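Scroll down for the structure; my scribbles are underneath it.
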Amino acid sequence: MIEVATQQGCETLVEAALSRLGVMLVGVGGAVASTTIAGTLAARRGLVAPRGAITESADCAGLDLAPLSSLAFGGWDIDQSPLSDRVRRHGVVSPQVVAAVKEDLDDIHVEPGIVANLDSTVRRLVRSPRISAATHSEAVARLVADIADFRDRQQVDRVVVVYCSSTDRTPINGPSHRDLDSFQRGLAENAPEIGNGMLYGYAAVSAGCAFVNFTPNTTVEVPALQELANKQNVPLAGRDGKTGQTLYKTVLAPMLRVRDLKLRGWYSTNILGNTDGQVLEDPLHGATKVHTKESVLEEILGYADFDHRVRIDYYRPRGDAKEAWDCIDFEGWLDTPMSMRVNWQGIDSILAAPLVLDLARLVGLAQRRGERGALPQLAMFFKDPYGTTEHNFFEQVVKFRQYVEGCRAETGAAVSTASE
Amino acid sequence: MIEVATQQGCETLVEAALSRLGVMLVGVGGAVASTTIAGTLAARRGLVAPRGAITESADCAGLDLAPLSSLAFGGWDIDQSPLSDRVRRHGVVSPQVVAAVKEDLDDIHVEPGIVANLDSTVRRLVRSPRISAATHSEAVARLVADIADFRDRQQVDRVVVVYCSSTDRTPINGPSHRDLDSFQRGLAENAPEIGNGMLYGYAAVSAGCAFVNFTPNTTVEVPALQELANKQNVPLAGRDGKTGQTLYKTVLAPMLRVRDLKLRGWYSTNILGNTDGQVLEDPLHGATKVHTKESVLEEILGYADFDHRVRIDYYRPRGDAKEAWDCIDFEGWLDTPMSMRVNWQGIDSILAAPLVLDLARLVGLAQRRGERGALPQLAMFFKDPYGTTEHNFFEQVVKFRQYVEGCRAETGAAVSTASE
Amino acid sequence: MIEVATQQGCETLVEAALSRLGVMLVGVGGAVASTTIAGTLAARRGLVAPRGAITESADCAGLDLAPLSSLAFGGWDIDQSPLSDRVRRHGVVSPQVVAAVKEDLDDIHVEPGIVANLDSTVRRLVRSPRISAATHSEAVARLVADIADFRDRQQVDRVVVVYCSSTDRTPINGPSHRDLDSFQRGLAENAPEIGNGMLYGYAAVSAGCAFVNFTPNTTVEVPALQELANKQNVPLAGRDGKTGQTLYKTVLAPMLRVRDLKLRGWYSTNILGNTDGQVLEDPLHGATKVHTKESVLEEILGYADFDHRVRIDYYRPRGDAKEAWDCIDFEGWLDTPMSMRVNWQGIDSILAAPLVLDLARLVGLAQRRGERGALPQLAMFFKDPYGTTEHNFFEQVVKFRQYVEGCRAETGAAVSTASE
Amino acid sequence: MIEVATQQGCETLVEAALSRLGVMLVGVGGAVASTTIAGTLAARRGLVAPRGAITESADCAGLDLAPLSSLAFGGWDIDQSPLSDRVRRHGVVSPQVVAAVKEDLDDIHVEPGIVANLDSTVRRLVRSPRISAATHSEAVARLVADIADFRDRQQVDRVVVVYCSSTDRTPINGPSHRDLDSFQRGLAENAPEIGNGMLYGYAAVSAGCAFVNFTPNTTVEVPALQELANKQNVPLAGRDGKTGQTLYKTVLAPMLRVRDLKLRGWYSTNILGNTDGQVLEDPLHGATKVHTKESVLEEILGYADFDHRVRIDYYRPRGDAKEAWDCIDFEGWLDTPMSMRVNWQGIDSILAAPLVLDLARLVGLAQRRGERGALPQLAMFFKDPYGTTEHNFFEQVVKFRQYVEGCRAETGAAVSTASE
């Protein structure tokens, strides 16, 4: 791979450089991020197919996406253990796969994570956090420097930062969110309304990186950072990956809608036993998550006179496997009540990983195409999508396909021009 | 409503006559047909909203459908009890509603049904069948005469025949199915491959009626009757109403498809306790039903290397309530197995009734618009739709919406022309 | 029934008087109490069998229980509407049955209920509470007077008071609970640690009534009132009727225990939509209920290293129907994990009513037999039984059967003595 | 272990010889038998606890059972692959455990199995069966010789034969079953009504071995072989291990019985993907299994007017994991219908293995104690127990405990006599 002498080889290298993409993950050793990386490395070695990644499927054929082989991974974590240790401890990836990609995993540099608002729940979970900064300004400076180092080390120009940390408490409101000037004042003054996610978002966007919020946390959603993204010409995608219960909820609710079956109630409970579950046990953290889960039904159905309850409970035996149970009550002809129950036995990181991979590549593509700000075409990936109120999964799919068609049409035109 | 003297009143009457629609149901006293009628009568009297009927929703606004008030019901049954008795015995419609529409129900004339192939299972279920014909030709003649009588009595020109009888055994093959000439020879010779459904289909289409096959039986599907429909300029819709398990199956399978989650198996069992359930206990009848249920997944997913098992079991405590349980196994990232289970507690006739109403009106509209043969725009209503292999519910919805848009555009154009 | 002249008739009357039993229900208009009464009245009229009441089954044959026809009902409620109205509003008993027993229901005198600690949740639910007392002493005096009135009016000597009110907040601790003297001082001083349940318990026991606590509330459980019960020679039974989830939990856990299948976790969620559910939404009320539900597994299994989570959520579409979902994780041979899920679709009052009836009769019997204090033989009826730590349902059944055998032996002995 | 010189050592050896127990398994390489052996070997090496084996729990403390270390395994199979290969292919035991016990496993001699009635289903599943006999007499002679060889090789006196083969077709009836003389004539004449299970049963009992039928097949159930067992003084236990759905069915039905909740219907479906499932797909084999599953409810409940349906379906994705779904309909107070659903996700061999181990040891003990014929105390282990019609799991447990108490009492007496 190194000794390339022919003309063709050089072109390939140039092309690779152009499409080479850096992916920095916040919470890189967490279950979601590390499973994404381990699986991508395994797919790169041909050990498994990248099952679940639609950027590898016919649906995305013809898009000028960064090849799997060109992705460079990095990121931050408050736990600096080697990534192979973290992956092993999560217990999601099989020992065989971990063994096969151990070296690749441990080559990845894990920068010390920053935690602006270290509350008691987080403190309890992290035995020896290496927090990299004491003030907001210091934190931002460290993060920007980390990104610059990563670019140099990995020889990548474009970097997507994907926020995969655990769920924060719902942030307090404050003047810093309003606009960029206020935010920068807030940084200087260590304003308490600036949370972790905003610090990462500010640093990433400042450094010209596209940003994906895969969590329910508040990051670049505040007006101040949207202003910055527009100024910096970077695209943003979020929020909160639609992996399990909300996925099928936004699939089944449209069925009720089309068939005019009137929803009377939807009870949803979730049990999970990983760190995310432990964090969500703290009601102040849990509220953040439940919020993005609850908003979807009214928009799809066009009415709101039903009970919608969402529970998330920590339950150790489940581990990273995330089980859900839903009870759905509806009425049909002659107002007759009927019901449906769903029991989902998924595995959180396994469902999330291909979405993280897809998002990094699709946002990378969007940045190359000059898109900036919210990317509504990616709504199908999120519980609470940017730039649209559309929650119906199939309408979101239609939007995504239209976008792909548009990209193909442009590329097709360019190609035919080039071939003249 | 009665004393109309003004010019405008007269126009309304003319319009009403134009859009007045006869609906003749085969198995009119069965749970599906009689619940359709009882609910429509109740809605007409303002006792309930016609919940579940999309022809009454915004999705069909602007279509020139026959108003609820203009529908005239009739049909055939092997049990000639008054309809209100049948409705009461099915136990699906509340006593209050039955009482309120009793007279309207009993005004409906029930013609004696014909049964070409009375097998032991059917014979056992029907205590005193009044079978109206001994030979195929005699049967057809009776049915054609019944339709003519209905037209006269109800003063309707257009009639849609909706086949709602219980599930027959899978028909044997034979030369009569091939083309119209062969079929007519088969009628004359009492060919055993001509089943009940074909006799009704032949009679209806011969009499210029649009025909809807709401069951899994073989009716107008044979080439001979499609030839006849084209000749007679009548539209056909079918087959087998998509009411419960297959409905959500064609909703959830697209989710797996879009997310590239690989299906490994789908186990479906159904329990029901009504007459339909008893008939389906006979494996020769059950096979007919299972067949239309099994065909849907491969087409949606684009592959076939999975186990798909469908069971239907008679279980008395369920009555007309039709419960289903599904176990869905799939693989994601790193080939990790995950699963989903669904428990559906629906009520068969309640789910079917608004579809029967919608189909009668939409097929009535199609006939007025001059459409003939298979109506692929109605695929979303059926397990095994005519004129398309599309089973993905949301793709079917897209097709239906395009059709509605088309109708609206035509009407809009006509209106604007007229207003010049 | 009225004209009794013969010798035999007189004896029957005397016997009836002896076995005549007064049943005063706290929360008499609530769903549980009013369904108990309505069903008993219906059974008395021969409209239905008293299904679910084991005192009517062969298991209790030979016990000298008060006949259904001899029960006299009364009680207290903060809502003084006629009982037939309350029953109708609960929507649990069919309109036919309500109509048939309306007069009998409305003959029952509803005394104004007392509420010692009217918190905001209770205040919100009760539109026009008629609270009958301002101080603890006044409350007790009123209740004792109500019991005396009931005895006079109904000509009953023995009275069982059954506490069926909604779930209170967990009481605060205080010195009044310690012993009878302290309690009486607390009454005089309006001590805040004396809750509703204790006031009713004190009044009932003081008046010589047996007392059943069918709720998770704290009533006669405090040492002060147990001292009083012993002094007064009255039996006590409780606490919290074992109607649904806890019932099958104490049935399935013994199966795991016998088969040495190691429990790793048991997740239980409950959804209900009646007033009880609304009250339990208040976390301070809910804690009381969850407490009695959580205590059962450790005792049955003999170890505690598993996760046991119990949720109760208010969900309007369920009404009085109480649905539960359990996820049970266990390990077997070679430490292999396996699991079981249960979905219970019960109706709270329907399950509770026959238990209330059984308890009233069995406690009445115990009082006649001279038993006093906690009745451990009734453990099978309760989530948190008095006088025993046995939670295994089948061990509880064995105890109950031994008790019945004992009673039969005594009676048998008496009979044989008499026949000499 | 080998070099024992001291007095004490000698006594230990003698004792070990006395309590040493041979266990010959029919279908020794099948999932159930091989998982039993692998797990026992692993427990012997201290790798895992023998979880699920009640003979290792306090419930059996004080019984003079053969120690795990003294068990010698052998058996027959139509597939002569090394046992470690079979275990690996079943995919139930973890690779770590297989590796740790590989040598022990492969030391076990697998005798060629006999198949008297090789039907098409079995033929299809077994690629290269090595059938050891052509006639009944030859088969019996071979089996008896195999047992003698095993005794010699393993230096064991007592041998229990446990029948664990896959489910046969329901046997035809014939005169051979009637009595021992007829049976022996049938052997000589190769009578078709003598199936595999009877050949193994006859050989085992003739050779003085206790016999356990862990399957639903017909083995020693025929009168002829019971006569033989009595003559030979050997105990018999069976039939069909109660591992999953029937286990919890006989646990939940008693709950309904005690609470007088009237069962209206119980629908049970099972999905499994192992060889057993494939065999059961053949309706003639399946009928055998469904039969033992269906008989349990009536006896427990004391009435029969309910629907009980049992389905077993082959479903590949499940592998050896055996999933079940039950829908249970019952009525309570005021005849109100309620329901309960159970979803069991067990693993067939994991549930069966400790029962096989327990049965071998308990039947070995019974033989030493001089018990012969049916052992009703072991009813709790079986779907269709010998010597009793008791199906209620908890009544069966009571019987077992009484038996254990009896054994302890005897031993206690002996001990105290000895110590005088």
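Going by the order they are written in, the chains are A, B, C and D; count residues from 1 in each one.
Simple rule for what comes next: a contact is a pair of C-beta atoms (placed from the backbone, for glycine too) under 8 Å apart; a residue touches a chain by one contact, two chains touch by 3 or more.
This is a predicted model, so every value here is computed, not measured.
Asker: Going only between touching chains, how few steps reach chain D from chain A?
Answerer: 2
Asker: For chain B versus chain D, what separation do you get between their C-alpha means, in angstrom?
Answerer: Computed value for the inter-centroid distance: 52 Å.
Asker: Per the centroid of Cα atoms for each chain, what is the distance between chain A and chain B, given in Å?
Answerer: 45
Asker: Where in chain D do residues touch two or more of the other chains?
Answerer: Residues 341, 343 of chain D touch two or more partner chains.
Asker: Quick one: which chain pairs are touching?
Answerer: Here the touching pairs of chains are A-B, A-C, B-D, C-D.
Asker: Sort out for me which residues of chain D touch chain C in the complex.
Answerer: Against chain C, the touching part of chain D is residues 35, 38-39, 42, 48-54, 56-57, 59, 92-94, 97, 247-248, 251-252, 254-255, 258-262, 331-336, 338-347, 350-351, 353-354, 380, 393-394, 397-398.
Asker: Help me check something: in the complex, which residues belonging to chain B touch chain D?
Answerer: Within the complex, chain B contacts chain D at residues 264-265, 267, 269, 271, 306-307, 309, 311, 313, 315-318, 323, 325, 327, 329, 337, 341, 343.
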